[in-house]
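The first chain written gets the first letter, and so on, giving A, B and C; residue counts start at 1 in each chain.
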């Protein structure tokens, strides 16, 4: 997919060809940006992927909409037709909004240690610190105030946002994105009790991160105690996530914000873990598992499927009663069983099936 | 409200006049600080707003206590009388502890790009980085190591704490406070699946923050995918909160720590969201809603009121049984209904009402 | 315990003597590192403390394993025998992996204010900022980009990781470890309502941290409103924890990741608080309490013991029904009670015990 030259915009025909999708509508129309169905005006390309926005599709003033074949009839304007409208929208958005490339070079206020290796086209922003032995691949961007520890490796085309931290000896693949406040490779939480006090267990492992991994703001991934914490290729982590020491997250798994993954737990490939989930340590979760929001995962999951926990919100007056009864559930169960027995006895032996 | 000159302290009469409240007691008494009812000694002003501290009011050695009219008889010392003691206490605390104003100017180790605009009296601390096109209003303070991205706008009298990050193009109102570790404007969590891998959806929106907003330590507010994430005037966010892309939080809403607000959700004005709450995406929450702690909000809330979820703590032995029974609840319900039917049949038709 | 000179390794006899444990096996064997039972090879010392790894013990290729007396017979290689294998393993790990000591001195790019006091052997890394009046004890290490506020005190041998923040006037004991992204002493979350808007209550207290405290990445400990937030000696806090203003955590208590502790709550000594727990404000929790993961603690706990809350994960189809029935629990309870009464009436007075 070669991106054609663009200036003030592009003709729909050229955009459709670039994106590899079918065009229904006037090929000469010009478009120059993306927008939501609701806010789009002339010149904008939008997309329709969620049926709940059907009314907005009908009313849109976009010049063109990216739609699936089954929504084509409902589209009141020019259509770019594809089985995966959201994916094509992602690409069209990138087409109109290419990632800005910082000027290669090292800002004079950055501290790059002797013995750090910088690949071709690396850009190191103001106040960044690169420790001895760190190796940065080609075109890596290190944001202002970010820190790359000793002997850490950052693969080509990775972007480390301002004030993110990559600990000593961590190894990041190519095209990795770390957002601000990310901390890779802090010590895992390991302490041995002497009966009263807790003595620190030195955390001597590291963190391995694959290619095409993105890590959201203020997420923490601890280094291993022995051996490494591993984030495989294509994993996407949202903000404020905890990944404990020696955890492993399989390729192309996504994890939403505020989820906690305790140490030594292994999550499979292609999983979808929602937000505010808590996963206990030393568990194994199969490939392709979905866990819905606010679930406590305290046992391993061997089968692909959708798993849930927690309760549903209610009005406080209702909830207060439910919460009281929750802690009486075993008593309720026993009373129920006794009733069944008593009723069976009352009905007599002839009633039994 | 003009603050009178103060030195070693102030007479109660002058303080009452400054605060606009009624004084009961000796107007000549000197006070010079605030303290809790329990720790207060001579010269201290305390307050009484929570009935559970009645015993501490009776025993206080404060020189004066800020009280509501109905607590006046219980106050053993001089009283500053107001319908809203906590609000007046806040102001009296500020009276004795004015916010320190850093020396205006740019620290020599800060990096202020050419083309950044600094208002009158701006103070930029050591190692702060201000990118090109950023505009800082009058008297803005930027703490050590903080980062203000390209074309970001920070309104007058705002304070950005050390190591906080304001992303490119974010727009902050006046008197905004960002605590350390805050990340404004990291990319939202948007990916389109190609069937196996996740492709990044460029996040091209920004973040708008109103006037008088305070954001707690290590809280993250993502930039919008298309359009902006919006935090309206007077919103107060505690620490370690996640605000997803394109969320909107209405004016004067408060959110306690560790709460997650997913993308495209809109929260009304004057809401109170407690801590560790998880709010799913694409929801709408009415004005004036209260959500209690640890609640999962997975549907929209159309009516003002108090909403809750989760369970109440119990001793582990009790909880283990309840937790097992929870996953048998539908079976219990069916058995209960069958019992009702059987009992009704047993009692015969004449028993029915 | 004097650490003997080491080079390429040490003889088992010397290691056993250093660690104060009994050796079963060839005293002349050389060991030079630690490893897990599974990954260990010749020269490695491993440990066995969790019965679930019995099969790995049987198959290990470690040169020696640290075991309890009752596991001695199951150990196929040389054994270092102790009642507390994990504790000895922690020490042996430290033996082979001594904490690297940064070169004392102040990096030329650090900003140390006039009037800051630096103890003997202090190491201040690149871009760190030390404000006026701060006092750093002997051998304190301040990482790159870390911030020590005005009049803060950091006790001897403490380590502040890159980009951590210690607020003004905070007081840290000796041997304290703060990981990256930690924020000590941001303002507590205190606001007084004027009916519509929230007015900030100045937070004029500080934070006191005892000796031997470790604080995980991106954890936030707010300063007190009046009086201090207190973390006693030996407390270990994991990543992404919230500690509200005026909370107190008793000595040697451990708290796992993503837990929220609201303001003015006091937790006893020697407690174990698991991850993703939410503890409401103004509570008191006794010494020696264990709280399991994802529990909401909304009342005080007066007795030592284990406390739990939340629900257990299930397949989504099961959970959906349970979640619906949860909000019908009080109705179920009433129907159950009515059935009991009706059945008792049906059985007649002679059936009653």
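Everything below uses one rule, namely that a residue touches a chain if its C-beta (ideal position, glycine included) is under 8 Å from a C-beta of that chain, and two chains touch if they have at least 3 such contacts.
As the structure is a computational prediction, the values presented were derived from the model and not from experiment.
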### Message
Quick check on subunit B against subunit C: do more than half of the interface residue numbers occur in both copies, making it same, or fewer, making it different?
### Response
different
## Note on the structure
Copy-to-copy rotation (subunit A on subunit B, CA atoms, range 0 to 180, rounded to a multiple of 5 degrees) logged as 120
### Message
Using mean CA coordinates as chain centres, what's the gap between subunit B and subunit C in Å?
### Response
26
### Task
Give the residues of subunit A that touch two or more other chains, as numbers and ranges in rising order.
109, 127, 145, 163, 181, 218, 240, 258, 276, 310-312, 314, 319, 324, 326, 328-329, 332, 336, 339, 343, 346
### Task
Can you check the complex and tell me which residues of subunit B touch subunit A?
109, 111, 127, 129, 131, 145, 147, 149, 163, 165, 167, 181, 183, 186-187, 189-194, 196-202, 204, 218, 220, 222, 226-227, 240, 242, 244, 258, 260, 262, 276, 278, 280, 290-292, 295-299, 305-312, 314, 318-319, 321-322, 324-326, 328-329, 332, 335-336, 339, 342-343, 346
#### Entry: Of subunit C, residues touching subunit A in the complex
34-36, 39, 84, 86-87, 89-91, 93-94, 97, 99, 107, 109, 125-127, 143-145, 161-163, 177, 179-181, 212, 214, 216-218, 234, 236, 238-240, 252, 254, 256-258, 270, 275-276, 293-294, 310-316, 319-320, 323-324, 326-330, 332-333, 336, 339-340, 343, 346-347
